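Pasting the structures here.
The following pair of complexes shares a single chain, chain A, combined with chain B in the former and chain C in the latter.
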Partner chain A sequence: MKKSIRRNAFIAFCILPSLLLFSLFIVYPTINVFKTSLYQDSGLGNKAIFIGLENFKAMFKDEVFYIALKNTGFLAATTIAPTLLIALFFAALLTSGKIRYSNFFRTVFFFPSILSFVVISILWSFIYHPTMGLVDSFLGIFGVELELPLLGNKYTVMWALAITMIWQAAGYYMVMYMAGIDSISREIYEAAEIDGASSSQQFWRITVPLLWGIIRTTIIFIINGVITNSFTIVRVMTNGGPDRDSEVLLTFMYNHAVNANMGYAMAVVVVVFIISIILSVVSNRLTGEHAVEM
Partner chain B sequence: MSGKKKYKEAVVHIIIYFILIINTIVVVYPLLWNVLTSFKTNTEILESPWRLPKGFNLVNYINAFTKAKIGYYSVNSVLITVLSIIILLFLSVSSSYVLGRYKFRFSGLIKNVYMCGIFIQSIFIVIPLYIMMSNLGMDDNRFWISVVYAVLQLPFSIYLLTSYMKTIPREYEDSAMIDGCGYFGTLINIIVPLAKPGIITITIFGFFSFWNEFPLALTLLSSEEKKTLPIGLANLMEIQRYATDWGALFAGLVIVLVPTIVIYSLTQKKLTSGMQMGGIKG
Partner chain C sequence: MRSKIARIIALVCMLTLVVSLFAGCSSKKEQPSSEDTNTTGDTEQVDKEKPDEQAEKESDTKEFENKELDIAIFQGAYGREFWDALAEKFMEKYPGTKINITANPKLGDMIKPKVVAGNLPDFIYLNVDDPSGVIKGLIKDNALMELTDVFNSKALDKDALIKDLILPGFLDTVFCTPYGDGKIYGAPYNYGVMGLWYNKNYFDKKGYKPPKTWDEFFALNESAKKDGRALFTYQGIYPGYLEEIMIPALYSAGGQEAVDAFLGYGEGFWSSDAAKKTLEVFKKIATTDNALMKGTVALNHTQAQTEFMQGKAMFCVNGSWFEGEMQDAPREEGFEFGFAGVPAFNEGDPVIALVGIEQMYIPAKAKNPELAKEFLKFVYTDEGIRLNGEKAKAVLAVKGAVDAVKEYITPSAYNCYKAVESGMHPVVGSFKPVASGSKINISDEVYKPFSSIMNRQMTVEEYAEKMEKVYKQVRDELAAQGN
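Moving on to the complex of A and B:
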C-alpha cells in the first residue's frame, strides 16, 4: 500500500510539471487560435465581440489574402520536387559505397539545415544584391548584365526565395534518405548488380520503391516546412515586398496581428492549419499506391 | 573488363565528383564569402565580391560590439539557450522515463497528446501566446521565454527519449530498487547515465533550435537589452537598407555562425544518427 502511494507520487512529480506547462503554453493558445478567429478582437484589452464567420468572409474577399495564398502555393510547388530530387540523388550517390570522402560531403551538405533562418535570409539577400551580390557578378563573368534587383522585382522575387529554401532544406532530407537507404539490405543491390542492372536502374527500381514510405513522409514535412519557414525568410529578405508581391500566408497573418486585427489574423491561421492538413492528406493519397511492402 | 567500359566508367566518375564539388562550393562559398566580407571595409565590399580582403580588418567586429549592441544580444542568446536546455532536460528526462517505463491511468492519452504537439509550430500560436503572457506579466522576460522554448521543444524530445528509454534493460533498475535506491535515486543514478546518448541528442537538437529561434523572440521580447542575436541581426538588416554599414552586419553573422559551426563539427555524427532515431517513422 505504502509502496503504491510512493510510486504514484513519483509518477505525478515526473509527469505533472511538463503537462501543466504544456497545457498552459501550447494547448491553451492553440484553442485560442480557433476561438479568436470567430471574434472581432483588437487584442488590446477591449472586449472581443463574437461575429461568427465574418473574419473568414472578409478574408475570402481580400485581394492580399489571395496573393499570400498564391505565393505560399508557389513556394510549395517549386521547392518540393527539386528538394526531393536533389536530396535523393546525393543520398543514393553517397551511400553507394563508391564515393571517397562520402562522410565529408554528407557533413557539408547537411550544414545549411542547422543554420538560423535569419542568417540564411540575410546571406541570400546579399547574394542577390544587385551591386555587390554573387549572382550578378557571377553572371557578369559571362557577360550577362542582369542589373535588376532579384528581390525587388515581382517576376523574380518568388523564384529567388524558392531557391533559398531549396538550398536550406536539401541536405536535411538527404540525411533522412541516407538513413533509409542504409536500412535497405545490401544483398538486394548485390543481386541486381549480378543480374547486370545499371546504377540508374538500381536507383529507380530498388532505391525509390523501397524508400517510398519515407519519401511520402518527407513530402509532408517539406510542405509544412515551406509554410512555416517562409515566415522568417520572407520577413527578413523582402518583408512582403516589392509592394506586397512576396507576401505569404503567415507574414500576412502576422501583419494583421501586429495591427491589432487579432480575429482576422487567427482566421488566417485556421485556414493555414486546414490547408496543411488537406495537403498532407492529398499528397498521402496521391503517393499511396506506389508503396512497396518491405 | 573491356577498355571501352573502363573508359566510360572513368568519365562517369569524373562527372560525379564534378557534381559533388560544385554542390560543395554552392553550400560553402556563401559562408566563406560572409567570413571574408566581415574583414573588409565598406569600400572594399562594394568593389568586387570575389576579391580577398586586404588584411584582417577587425573594425567591423569592434563596430558590431560598440555600435550595434552585438555584445548584449550574444549574452542574451547564450543565457536563454542555456536556461532553455536546463529546463528542457529537467522536464523531458522525468516525463520520458515515466512514460517509457510505467503504465498508469491516462499514460497512453498523454503520449498521444505529446505526439500531436510535435505538429504545432510556434508561429501558429505565437500571437495568442503573446496575449496570454502579457496578461500574466510574463512577456519581455528572459526566463519565461526560455520556459516557452523548452516546452515547445518538449513533444519532440519526449518522443525521442521515450523510445530510447525503452531500450534500457529493466534489470538495472530492478537491482537498484532492491538495493534501496528509491524511485528518484534510480532515475538519477541509474537511468540518467544509461540514457546519456539519448539525452545528448535532445540537447543538441535543443541547442540549434533555441540558438536560431526567430518568431517567438521577435514577438515576446520587446526591450532592446533583452533581445537575442537573430533579432538583433534582423534589426541590423533593416537598418542597412537605409544606412549602408554592411561591415557590422557581416561581423554579426559570423558571431552567430561560429558557435553553430563549432557545435556542429563536434556533434554532427550524433545529430545525424539522432535523425535516424527520431526523424523517420514512415
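Moving on to the complex of A and C:
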C-alpha cells in the first residue's frame, strides 16, 4: 500500500510541471477565449461589458465574415486533397528505389516546409508579380497577357494563394509518408510483384491501405495547418485584398482584435474552433472504416 | 579508442548547447542603433549623475515629488536616439529625476499587456493608427489624460504659450482633439507632408510642369504614354494611401466643410458635389487607358514605390519620408524626388498637401502625470526641436522647426515642408473615432473598396451608395452611445 502511494506521488510530481505549463498556456487562454467572446471588450483592460451572444449575432449578419468563411472553406477544399495526394505520390515514388538521387529530391521537396511563412509569402508575391514575375514571363511566352494581376483579381487570388499553400505543405507530409512507407515490409511488395501486380496496383492496394493510419492523422494536421497558415500567407501577400476578397477567418479575426474589438474577435475564434473540431470529427468518421492492420 | 573520442565530442557539443542557453540571460547594453531591437524590447534605465556645474544653474526648474518617469516610445523610422538624448538633457536640467525608456518597433504589442494590467507608462509616443490598436482603444475607452492645460501654459524656454508655438490649425485636428470637444488629448509630435511625387529630373529634361489642376494632371497622360510609362501608381494592397489624394481633393472641391463631413460621417455627404467630383478623379484613373500602372492593385508599398522610381509610372502618392524610406532602392538613371502636392480642381486655386501629425499621449492612469507633462513641455523647447532634427531627422509640428533642422533632413523632405510653408495649402484630417464596441473599421470600409474600383469591378456610384449606408450605421451607433 505504502509503495503504491509513494509511486503515485512520484508520478504526480513528475507530471506537475508539464501540467502547470499546459494549464497556464493552453487551458487558461482557451477558457479566456470563450469567456471574452461573451463580452464587449476592447482588449485593453478597460471595462468589459457582458453582452452574451451579441457578438455572435453580429457576426452572422456581417458580410465580411461570410467572405472569410467562404475563402477559408475554399482553401480547405482546394489544398487538402491535392497536398496529400501529391505528398503520397512523391513519397511512393521516392521510396520505390527506382529514382536516382532520390535523397536529393527528398531534400528539395521538403525544403519549402521549413522556410518561414513570411519568406514564402514574399517569394510568391514576386513569382506572381504582374510585370516581372515568373508567372507573367511564362505566360508571355505563349503571348498570354493577363489584364488584372493574379493577386489583384478577385477571381484568381484565392487560387494563387492555394497554390502557394500546396507548394509549402506537400514536402512536409511527403516526408511523413516516406517514413511510414519505410516501415512497410519489403516482402509484401516482392510478393505482389511476383503475383504480377503493376506499380499502380501496388500503390493503391498495398501502400495506401497500410498507410491509412498515418493518412488519417495527417488529414487532421492539415485541416489545422490550412486554417492557421492562411493567416500569414494572406496578410503578407494580399492583406485581405482586393477589397477583402481574400480575407480568411484568421485575418478577419485579427483585424477586429487590433481594432479594439477583442470580444468580437474571440467570438470568431470560437467559431473557428468549432469548425475545426467538426471537420476533424467528420474526417475521422469518414476515414475510419478502411484501416488495415498488417 | 574511436568511441572514446566520439563520446568526448558528444559531451563537448552538449555542453556548448547548454551554455548557449544561458547566453540569453546576459544583460543588454544600450545599443543606439535602431536595427538591433526587433525581437525583445529593452527597458532601459538611463540614469545620469548630474555634473556639479549644472546644479547651480538649474535652481529655477520645478521640483517634483515623484522623480521617476516611465516613457514608452514607438521605435519606427525615426528611431529612438532623439528620446534617449532628450531624456539625458531632461535629467540634467531636472536633477534627481530618472527616466526609464521602453522603445520598441512593436511597442503597441509590447505595452498592450501592461495596459491591460493597469500598469501604464506615464508618457507614450505611439500613433493612433498603429496596427496594434492600442491608442485607438485608449481613445475609445476614454483612458487618456487631458492635456489642454499643458498647451495653455507658458513654454519652458521662451515667452509664449505652448499652443502658440504649434503650427496653426494642428491642435484643432482630430489627432489632437479626438472627441471634437476642444479638449486636447494628443500632443503633436512630428508632422509629415503627403501628396503626389514625380521624377524632377525627368520632368525638367522633358519640359513638363508639375500639375496644378486635375485637368493638367490627366493631360500629362498623353506624354506619359509616349514616354512608355503609366500616369499613376499607388501602394496597391494598402489602398489607405489613397487618403493622401482623397482628403486634399475633397478640400479643393468643397472646402473644410466637405472634409469635415467626410471625416465626421455627415449625412448625405456621399451624394454631395464635392464627393462626386472627387470620386470622378478616381473613376478617371481607373477607366482611362494608361492612367493606372499595370498590376498596381496587387503590389505592396515597396514594390509600387520601386516601380515608380524605375520610371514605370509618372506619379506616385507618398509622404515626406519617401526619400529616406527608399534610400537603398533601385531607380532609373538620374532620378530625383519631386513633390507636387495634390492638384486643385479650379484654375488658380492653391495646390494642396495632406499633413499627418504623429502624436504623444499621457494615459489617464499614469502614475506620474506631473513629471510627464513637464517632459512634454520639454519636447517643445528649441533644444527639443534641434535634437529631433538631428537624431530623428524629423520636423516637430512647431513654427520655424523646418528651417531649424534643415541640415538634418533630406532635400526632398525639406522641399515638401517649405512647399507647405510657401503657398501649398495644408489639410489635416483623420476620421473621428467610431462608437466604442463598433465593429466598423472605418478606414478599411472607406479605402479597401478602391481595389474594386481600380479593377473596374465596382462603379463609383455603387461605392458611394455603399458608403452612405456605412456612414448611416456609424452615425446611428454614435447616437446610441450618446454622441
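FYI, the second predicted complex is superposed on the first by the 266 of 294 C-alpha atoms of A that agree within 3 Å, B and C clash if a C-alpha of one lies under 4 Å from a C-alpha of the other, contacts with A are read in each partner's own complex, and residues count from 1 in each chain.
As a working rule, contacts are C-beta pairs under 8 Å (C-beta built on N, C-alpha and C of every residue); 3 or more make two chains touch, one makes a residue touch a chain.
Keep in mind it's a predicted model, so treat the numbers as computed, not measured.
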First, second, both or neither for A:T238, with chain B first and chain C second: second
Chain B versus chain C as contact partner of A:W167, first or second or both or neither: first
Dominant toucher of chain A (residue count), chain B or chain C: B
Touched partner set for A:K154, first chain B, second chain C, both or neither: second
First, second, both or neither for A:G43, with chain B first and chain C second: both
Touched partner set for A:A58, first chain B, second chain C, both or neither: second
Contacts of A:Y264 with chain B and chain C, given as first, second, both or neither: second
First (chain B), second (chain C), both or neither touched by A:T131: both
Contacts of A:F105 with chain B and chain C, given as first, second, both or neither: first
Shared contact residues on chain A - chain B and chain C: 43, 125, 131, 257
Chain C-facing residues of chain A, complex: 40, 42-47, 49, 58, 62, 125, 128-131, 148-154, 238-244, 255-261, 263-264
Complex contacts: residues of chain A adjacent to chain B: 6-8, 10-11, 13-15, 17-19, 21-22, 24-30, 32-33, 36, 43, 90, 93, 99, 105-112, 114-119, 121-127, 131-134, 137, 167, 171, 175-176, 178-180, 182, 213-214, 216-217, 224, 228, 231-232, 235-236, 250, 253-254, 257, 262, 265-266, 269, 272-273
Residues of chain C defined as touching chain A within the complex: 112, 115-118, 131-134, 136-138, 140-141, 143, 236-239, 294-300, 303, 307, 312, 436-439, 441, 444, 448-452, 455, 457-458
Chain B residues touching chain A - in the complex, by the definition given at the top: 16, 20, 23-24, 26-31, 33-34, 45-46, 48-50, 90-92, 94-95, 97-99, 102, 104, 110, 113-114, 117, 119-121, 123-125, 127-129, 131-132, 147-148, 151-152, 154-155, 158, 183-184, 187, 208, 211-212, 214-215, 230-231, 233-234, 237, 246, 249, 253, 256-257, 260, 264-265, 268, 271-272, 275-276, 279-282
